[in-house]
Structures are given as structure tokens and as C-alpha cells.
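Look for chain A in each of the two complexes below; its partner is chain B in the first and chain C in the second.
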Partner chain A sequence: MSRGLGRSTANRAMRRSPRDLSERALASWLLLPAFALLGLVAVYPVLNLMVTSLYELHLAYGPKGAFVGLANYERLLEDARFANALRVTLLITLVTVPGAALLGLLLALLANLPYMVKWPVRLGLLLPWAMPLVFAGLIFRWFFESDYGVVNDVLRKLGLAPLFWLSDPRLAFWAISASIIWKTSSFVALVLLAGLQSIPKEYYEAAQVDGANAWQVFYRITLPLLAPSLFVALVFRTITALQTFDIPYAMTGGGPGNATETLAMYIRTQTVENLNFGYGSAMAVALFVLCMATTALYLRFLQREEGE
Partner chain B sequence: MVRLLVGVLVALLLASGALAQQVKLRVFIGGQQRPDVMRKILDVYEQRNPGVKVEIEVGGATSDQQQQYLTTVLTSRDPSLDIILIDIIRPAQYKAAGWSEPLDRYLPLGARDALLRQYLPAYVRANIVDGTLIALPAFADAQFLFYRKDLLDKYGFKAPTTWDEAIRQAQTILQGERNPNLNGIGFMGNISEGTVCSFLLPIWAAGGDVTDERGRLVLTEDMARRSLQFWLDLMDRHRVSPPNMAEKAQDTIRREMQQGRWIFGTLFAYAWAHFQNDPDSQVKGKIGVAVMPRFEGGRSASCLGGWQWTISNFSRNKAQAYRLLRYLSSPEVAKVLALEASNLPAFPELYRDPDVLRANPWFADALPVVLNARARPVHPRYPEIADVMRRGLNAVLARTKTPEQAAREIVQGLRTIYGQ
Partner chain C sequence: MRVPLFRLGLWLSGLVLVFNGLFPALWILFTSLKTEAELSRIPITYWPDNPTLANYQRAFREAPLARYFLNSVVVAAGATLLCVTVSAMAAYALARLRIPYAGGFLLSLVALAMFPPATLLVPLYQIFTGLGLRNTYLGLILTHAALSLPVAVLVLYSFFKTIPKDLESAALVDGCTRIGALRYVVIPLSGPGVFTAALLAFVNSWDEFLLALTLNPAKEMRTLPVGITLYQGEYLFPWPLISAALVVALVPVALVIALFQERIVAGLTQGALKG
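Up next, the complex of A and B:
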């Protein structure tokens, strides 16, 4: 993709006229504010974070840090709590991204139906999407609360023993994952719905004429044409999954013990609570690298797809 | 025309002069600290000091949640807060991070000693860090055993003095009442500040502590294990606490006790005003307060709490803030807080004040408890110490770690922090 772009600019550069040049200059000037803003709010903080991660900066020992090179990163490798947080984060990503994609696809298909049913579905899609994450977390905490929660109430009415959803590590993981899937599938569905609506009706009409069954229509027409939207949704969903914070924070606070603590939560504990900004920054850089690597992986996959 | 211009200019000057005289101060407190009562107290101050407006900013329902917000404000050197109410465990951290304006600047040494003599000694100790006065006390606090007087009377019990007694009483009452919504002994077990006190209580009661007088770590794995085992046994062996104690925060227990769901609760003093005055309270007049139980052959131990007023180092009105701080840490305000919020005073003479005793009869026996209450470790890295302890106890209560495992991890974690 980038190679193609490079070639066309090169072609244009060969035929460059003085007027083009002034237009290019104008374009750069017009872009400058955007770049400056981006530099200020994205590039500078990230660079600052990287620099901080090379310092032993712990506010309990005063506001001035000492340069320690990569010592904070060495500590990362030995920190069992970091390893656990990384494991929890990756597990949540592995469970909730496919989960949200499947549920989102189902919802998008329902919302795209040409019947009345699409309206309640569309309205229902907007609600979880518009809700702040921490609200969703608090709602689900009450949902899964062991004494007063709805889930245990249902279990009791069915004559089953109530479960300790938030203080059993395995159950807590699934309760959190279910909440995340509920909250994020509507985002996937909204992106996919836009994709579905851009598929020309002619294809479906042609398929009908050819006598294709519903499964064939879905598998041969809808899914391939939906792939670009699905891809965009997956990239965004994966990045936000790697940064999961609000929902487990509101539901379990990382408990029991550290069993459901994600990377973003551990970073917050080290910085905002413990005031260990040096070490916290090193972990934040690690998370940043993880997100960048995931994005790069997706982009590579996309390039290969487009290359075919 | 010229006259009109001059007139406008004069009017503007006058207006700006009036604006300059108007001082606005901003006070930060937590949701638990009764913003309604605090507003009344500040209204009185505004009446007495025309030209001073005081706003309240309320944030966070628990000590740790408040501090999270304050950390963001203070690390960004935000001048919007002038006076902050901080928990007794924070002054060392505030001093180390440079967040507090040292109060010695306003108090010559002689005046400082005279002022500090009026307060309970524990709060003087807590607020002086390495010789610097960081804050002044707002109110005292300690953990007490709140109990259902009506239920204990019904079964012919007196308030328990040992844990064994409390356990036996709870078992008898639970068996007799056969009420599925009634629980025995409530204590804090979720991941919050109160759980640190839960972890430390049995250690103190057994005569141990985290550090010695010189601040060296002396907590052993065995002491830690016994504490963890004690709380676990309340659930699994004695069956006086329900199996989901890992979910319980202090205010959860307080609310549930208010609905009549607990026989005993280890809570801080603020609970009393809620039990007696809240419109939805079903236990009005049915609650007794006792000194925390001891172990057979051991001593009673309570966790020292309490809140302090400090001036933000980034305030732009430090002189005015200091005047307000002296008012807020005065006996007059302490009395209002005792009457309306059942906050224990940091002034010993208020424990004999007839008005205070009429509102809180149990304050008569509370002074020795506050005097003997034990302080949590004083350390600039206290948040990390607290995190190690509360996550350890929480994991044991959730049965994801055995007391042995958790005790080992707690002591190892503390060793790293103390550098030993």
C-alpha cells in the first residue's frame, strides 16, 4: 500500500511545475497546525513516557529522579505480578475480541434485516455503545453481586446454589469477559452495519436468480464483502482489549488477590497509587509496544490480502 | 464624554478592588466525610469572614479513591485546591512528595508546641514528619465492635471481651434466630484500605507489629499467617461470617448492619451516626458499641484512624488557607462534627462534654480506645505496604491462596519495600 503511494508521488514529482510546488508548500502549511497538535498531545507525551521509563522516579523519595538506564525494564522481567497482569490481559483479549466479533456480527445482521425487528435492535445497539465503560462495570458488579445480584437470584429461583462470581478467580474472569463482550459487541455491530449497508443489493438479487441458499449468500457474498469492515472493527477492538481497565476495575478491583488484574490496572496502581512513575512508565511503554506490534501484525495481514 | 469615560474607569477600578478583596478558597473532602455537615461549618466561617467564600469539592467514597484523584491534581501542581482532608496514613507520603505546605512557617516553635499540646498525642505524632508539621487534626477515629444490643440481651449475653466469646455468642444467636438474612461477625475483606486494619488487628492483639520503634520491619511470616488464618476460620471453621467476605467493604457492612443483617461489625466511629439517624435505619437504638475484643491472654487492639487538614503546596492563597485551617482544626468545629457526624474529637476534653455525650453516649468509654489504638506503618511508600497486605488477606478470604502462601508473599513484599 505504502509502496504504491510512493511510486505515484515519485511520478508526480517528475512532472512537477512551479505551481505544483507552491501548492505543495501551501499544503504543508495547512497541515502544520494538525501536526503541531498531534505532536503536542500524542508524540510528546509518548516520548516523555519513554524518557521517564529510564529514570528511577518514585515520589516517595522526592520529585527528582535518577537516570538508571534499562533497570526498570530488567525489573519487569522478574516481576511476577507484571507477568500475571500480562497473562490476564492477553486472555481477556483472546476471549473478548472473538466474542464481541461474533456477537457483533449477529447483531449487525439482525439490525440490517428489512423487517420491523431492525429498529429495536438498532436502538439496543446504541445504548451499550454510548454508555461509559465504568458505568457498565458498576452495573455488572451489581449483576454478579453474590447476595443481591440478579444472576444469583435467578440461580436460587432455579433451585441452584448461588455462586461467588466476583470472589472466585475463574468465575470472576468469565463474569468480566461477559460484561466486556456485552459492552463492546455493539461497537463491532455498528461498524459492521455500516459495512453491510454498503454492499450493493444487485449481488443479492443476482444470487437469488441463481438460486443460492441463505448460507451460500452469507458465506459467498456478505462475509467477503464485509471483510474490510470486520478488519477495522477487529483492529480497534483488539487495541482496546489490550488496554482493558474500567470494567474489571469497577467489578473486582483486580481481585480476588491479583487474579483479574490487567496490565493497565497494574500500571495505574504503580503510578497513581504507589507514585512509582519510573517503573510505571516502563510498564506503560511495554503496553505501548504490545499495541503497536499488534497493529503492525494486522496491517501486514491486510497488505498481504490486498497484494493477492 | 470625558467625564463619562472617567466615571466608567472609576467604577471599574472600584469593582476590581471589590473583587480583589473577595477571596475564594476550595476545600477537598471525601463523600464519606459528610459534605452536608461540612457545608454548615463553612457557612459559619463565611459569615464571620465577609469577603471569604469557601467551596467544597467532594470526591471519592473511600480513602484510596480520594487519594487517586488527589494524586492527579497534586502531581500536575494544580492550584485549584487550597485545603485538603487527608487520611492519617498519608502525611509521610505528602511530605516526601512535597504536596503539603509545611505549617511551621506560620507557627513559631513555642506557639506550635502550645497548640499541639491540646490534641491527642497520636495525632501529633501522625502529623509531624521528620520534624515538620504537615497537617492538623480534623477528627479522631478508631475501630470498635458494634453489636446488636437487642439480640445479645435476648440471649442473655453481655458485650464480648474476647474473640472466642464473640464467636460463641454469634453461633448461639444464629442458631436461635434461624434467619437466613442474619450474619455473625462482619469485617472488611475486599481490596480497600479498611482491609489493612483487618489484617493488622490480630497481629496487634497478639502483641506483634509491623515495625519496631526505629521503623525496622519485624513482622514474621508466622504472625502474618495466624492473622490470615483467624479471619479465614471465622468463615470456614466457626461459620459466623458468610463465605463471601472477600467482597465486603466497610461501608457495605455498615449498610447491611443498618438493615439488620449483622450481629457484630468491626467498624469505625462514623457508623454510629448512620445507625441512629439515617431514615432507613432499622436498628435505631438497638446498637451497642464495645472495645474491640482481645484474644485469650492477649490484649485489645484497635486500628487508629482519623482525618487531617493540610494546605496544598500549590495553593495561591496560603495565608488565607492557613486561617481557615486553624478554624477547621479548632475544638468548636470538632464539637459540631461530634454532634452531627459522630466523629470522635481529637481533643480529649470533648469526650466529657455533656452535649457530645448526649448525642453519643458511648463516647464516654471511647477515649481509652483512641488513646491505645495502634497506628498503621508510617512510611512514604505506605500505599505499597497497604496494597501488599490487603491483597494478601483478600486472596486468602477468596481461598485462592492458603494463609501460608499469602503470609510468605506479604512478608517478602514488605521486605522489598523496607529494603531488608
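Up next, the complex of A and C:
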């Protein structure tokens, strides 16, 4: 982007025309709609959220609330249901992010084999990705249903006792995690597959000449060169895992009791259902900070890549 | 011996991939063709005994499935159009015009649009109630367009970077204005990039659930994911309706990915990796 060199005769010709826009003016007009849209749907709402979190605002008792400073945040620390929702959210993140990464890596390695017909394999990766999360939740709810579910049918056929997957708190957590891993591993696989395909073939040929075995090739060539794609997939997955809502909402509605209620679900219950917007906003700010910290990590990575 | 063994392994791994990806969707398709009696039989069946379309008739008659479908089409089409227009303008400016801090602008657009929807729902509910945008198409279109913006901007940004700059310069030398160069050179060439971004924005909007549930809960304004998920509380044994409705809702998405596989894969990796 060296300024002096890039100035072509074209730019100078353009500059002479009085009716034409300057480059900067044009750029501002082109950028304006994007920032206006994000201003309305992202920036202003988040500022509004932060202000609301300092008020005691219960829409059932009227539109105006009283300023209470950090009282809503103090309440967070004592709220057992919030602590539980935070715990469930972090556990889901800890289980499903590595789970989806492992399954996604396996699917990507299998998908990268030299098939003669490629489209069925690609469809197998794309369909789970393109399916709404909440539909995956509905289908898996049925899979894990105690009477009519596929999972218990398989258990019975194997001579094992059927389990009450969705009414036992611990089993419900694992059923939900398994569904999330299935649904999200396809995204990881698609990102990793692109990474695999960008690894130069010469590396593998060189390894073959040197007599490396399959494990050495994977561990010394594939994995290190796949690291950037893996990192991107992990960050994306972490941000979405922290916001988990759809799949538990469809499978258990947060139950039994509040055993599988995530932060996003509790936030929505407090605000949209209980109309307790002051307190709900404080919770949403907490989730916001958690997600943005993860995003910051991703952006630092992008910047480093851009610099190279 | 090595080659047949290798081919067997290839077949097996292909089967694993296809089974893993398609089993849930195929199962819901088979289920939707079963009678209600067969659906509530134990042990369960996998292949339908007497395939019937009765569930589809019920799904359209007993629930406003056609209306949900229309709502999803309007919202997804509107959001796609808005998102792609706004993103293309921004991406062109960032990729092509000499502006200070272009990299910073790109990062800030991506960062802003990555604000978590799970937290946006709280203020958006309040703001849209105040503006009268709840239970309207416009409110959800604006929201979904903003959510798809980072992917669209990144895809289009990397696409514009691949159009040779000389083409525009030539137009400018020939006396074209900047706007003219955009109109006659850049826009006609940007079809593939715009199309990829549009596919991703469409799927994003078609699939979105949390904000659609929060902002458009009125029965006549629900999108497909919201309407179908809420069958669970509205019907005693909702599975016949849910299975048929799921198939109806998945058909457009399945068509899009079947027809445009390679484009979507390319777009996904551009959008996720970098500009």
C-alpha cells in the first residue's frame, strides 16, 4: 500500500473531473450502510444493555426503573440458578468443543481420501452443517426418547436395559452434548478439509522418500500445517458453545428442573418471560464479556495472519 | 493384495461419512411417511410399513405450516438481499479504495457483527418493542442481515481482491467516473462472489432460531424453526406433524447445498479463515 507508487494516471484523470466523488468520499458512502446497520442492531443495543444492567427494571411494574449501580451484578454472585447455568454452559463448552474438534478432524481426514465420486461425501458434511440447530435438537430429542427412541431401541436389541436419557439430569447433559457434537463437527470438518487440501503434496512425497510411517506423517506434517485451520475452528466453536441455546431448548427445555439450563436460556427466561430486564441485562453483560474475550483472541490471530 | 484392501477401506470410510451426515435427515424422512399408529408402536420400525403422505396433509391443515414457510422465505430473502448489498459496498471500499486504516475497519466490522446474539436478544427485545418492530418482517430482516454481515464481508472482500485492478483503471482512463467504473466493470464481474455470500446469508437466516423466537413469537409471524419447535407445547403427540414439517423445512436448504456444494465450501472457508 505504498501511496506514491500506487497513484496511477487513472487516479489523476479521475481527480480532474469535478463531478466525480473523491476516493475517500466514495469510501465513506460505501461503508456507511454497513456501520449504520451494525449501529442499530449491535452497537446501540449493547450500550443500551450495559446501561440497563445498572437499573432495577421490571417491565411488569412499568417502563421506568430505578438506578441501582452494581446491585444487579452483586445479585449474580448470590444467584444459585445463575451459578448453575454458568456451570452447565462451561461444561458444555469443555465437552463439545474438543468433542467436535476430534470428530471433525476424523471426518475431515476421511473426507480427504481419494474418492472417485466426491459429492456424496461432501453432502454428508454439508447437510448437518446446513440444518438448523433446533431441528437437530428436535431429531435427537426423538432419538433419545425413552420409548420410541432409536438409542434405546439399539440398547434393547443389544440386550441392555433402556435408559431414561432426557429425564435423568446427568444423562440429559450427555445426550445434549452428543447432539451438539454431531451437529457442529461438520463445520469443523469443512474448515479442516479446506486446510488439508491446501497442504502441498510435495511434503507427503518427501516424507515417503524418507520412509516415514503413517503416524509420523500425520504427527509431523499434517497436524502442524493444519494448526491454523484448527485454531480458527476451535475459536468459532467456543464462541457458539458459550451461547448454546437451541439444542437444549429443543431437547429438554432446560430440564429436568434446571439441570441442563444454559446461560443463554436463563437470560431469555429472566427477560423475555419474567420481564426482569435490569437483572437479565447484567447476566447478558457477563455472557457478552465472556464471548468478546474469545473473539478478541480470534481477531488477534486474524491480524497476525494479515501481517504476514 | 494392497489395492483391493485399500478400495474396501475407501468404501467403508465413505459409508461412514454418508451415514453420519445423512442418517438423522433420512430417518426423519422415513418417519414422516409412517402412519400415526406405526409411529407409536414399540418396538419401533425404521422403514415405513405402509408409506403414506397423511402426515404432510395434516401438517398443512392443522398447523399454519404454509404461513411459516412464507415467513421464512420473506425474512431469508430480505435479509440476504440487504446483507449482500451492504456487505458488497463495504467490502469493495475496503478491498479497493485507498482509505486510511482499512484493516482496522475490516476488523471492527467483523468484531461488531460477532456480538453474541444470545446477549443482543435482551436489548433488541426492548428497542424493537419501542420502535414497533417486534412481530414484523423488517425487524427480523435487519437483525439477520447484521448477523450474516461478517461472513459476507469476508467472502466479498477476498473476492474483490481477485478482480484485476487494471480493468477499473482502464475504465477510469477512458473517462469513466468512479461510480461508472463500479457500475459497468465491477458489478458485472462480482457475480460469483455475491452469489457465494448470498448462499451463506440465506442459510444463516433460514436456520436462525433464538432471535426469531424472541422478536417474532406471534403465531402468524413465526419462521419455520420457531413454528415447528413450538409444536411440542401445542400438540399432545406432535411427532407426525413435526416429522413432516421438518422435511418441508429442510427441502430448500438441502436443494441449496446439493446444487451449490463447491461454492458453499469455498465461501465457508473464506468467511471463517480470513479475507
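One rule holds in what follows: the second predicted complex is superposed on the first by the 251 of 308 C-alpha atoms of A that agree within 3 Å, B and C clash if a C-alpha of one lies under 4 Å from a C-alpha of the other, contacts with A are read in each partner's own complex, and residues count from 1 in each chain.
Operating definition for what follows: contacts are C-beta pairs under 8 Å (C-beta built on N, C-alpha and C of every residue); 3 or more make two chains touch, one makes a residue touch a chain.
Note that this is a predicted model, so its numbers are computed, not measured.
Once chain A of one complex is fitted onto chain A of the other, the partner contacts of A:155 are absent, as it touches neither chain B nor chain C. Once chain A of one complex is fitted onto chain A of the other, the partner contacts of A:24 are limited to chain C, with no touch recorded for chain B.
In the superposition on chain A, contact is made by A:259 with chain B only, not with chain C.
In the superposition on chain A, A:146 makes contact with chain B only, not with chain C. In the superposition on chain A, A:274 makes contact with chain B only, not with chain C. Applying the stated contact rule after C-alpha superposition, one finds that A:68 touches neither chain B nor chain C.
Contacts of A:60 after superposition: chain B is touched, whereas chain C is not reached.
Touched residues of chain A, counted separately for chain B and chain C, are more numerous for C.
In the superposition on chain A, A:288 makes contact with chain C only, not with chain B.
In the superposed pair of complexes, A:168 makes contact with chain B only, with no contact to chain C.
Looking at chain A, you'll find residues 147, 272 touch chain B in one structure and chain C in the other. For chain C in complex with chain A, the residues that touch the partner chain are 10, 13-14, 16-22, 24-25, 27-28, 31, 39-40, 42-44, 82, 85-87, 89-90, 92-94, 97-99, 103, 105, 107, 109-127, 142-143, 145-147, 149, 153, 168-170, 172-173, 175, 177-179, 203, 206-210, 214, 225, 228-229, 232, 239, 242, 246, 249-250, 253-254, 256-258, 261-262, 264-265, 268-269, 272-275. Interface residues of chain B, counted against chain A in their complex, comprise 64, 67-68, 71-72, 75, 93, 96-98, 190-192, 242-244, 246-247, 379-381, 383-384, 387, 391-392, 394-395, 397-398, 400-401, 406.
Residues 1, 3, 6, 8-11, 13-14, 17, 19-21, 23-24, 26-27, 30-31, 33-35, 37-38, 40-46, 48-49, 52, 107, 110-111, 113-115, 119-140, 142-143, 147-150, 153, 156, 182, 186-187, 190-191, 193-194, 228-229, 232-233, 236, 239, 242-243, 245-246, 249-250, 263-264, 267-268, 271-272, 277, 280-281, 284-285, 287-288, 291-292, 295, 299, 302-303, 305-306 of chain A touch chain C in their complex. Interface of chain A with chain B (complex): residues 58-63, 145-147, 164, 166-169, 253-259, 269, 272-276.
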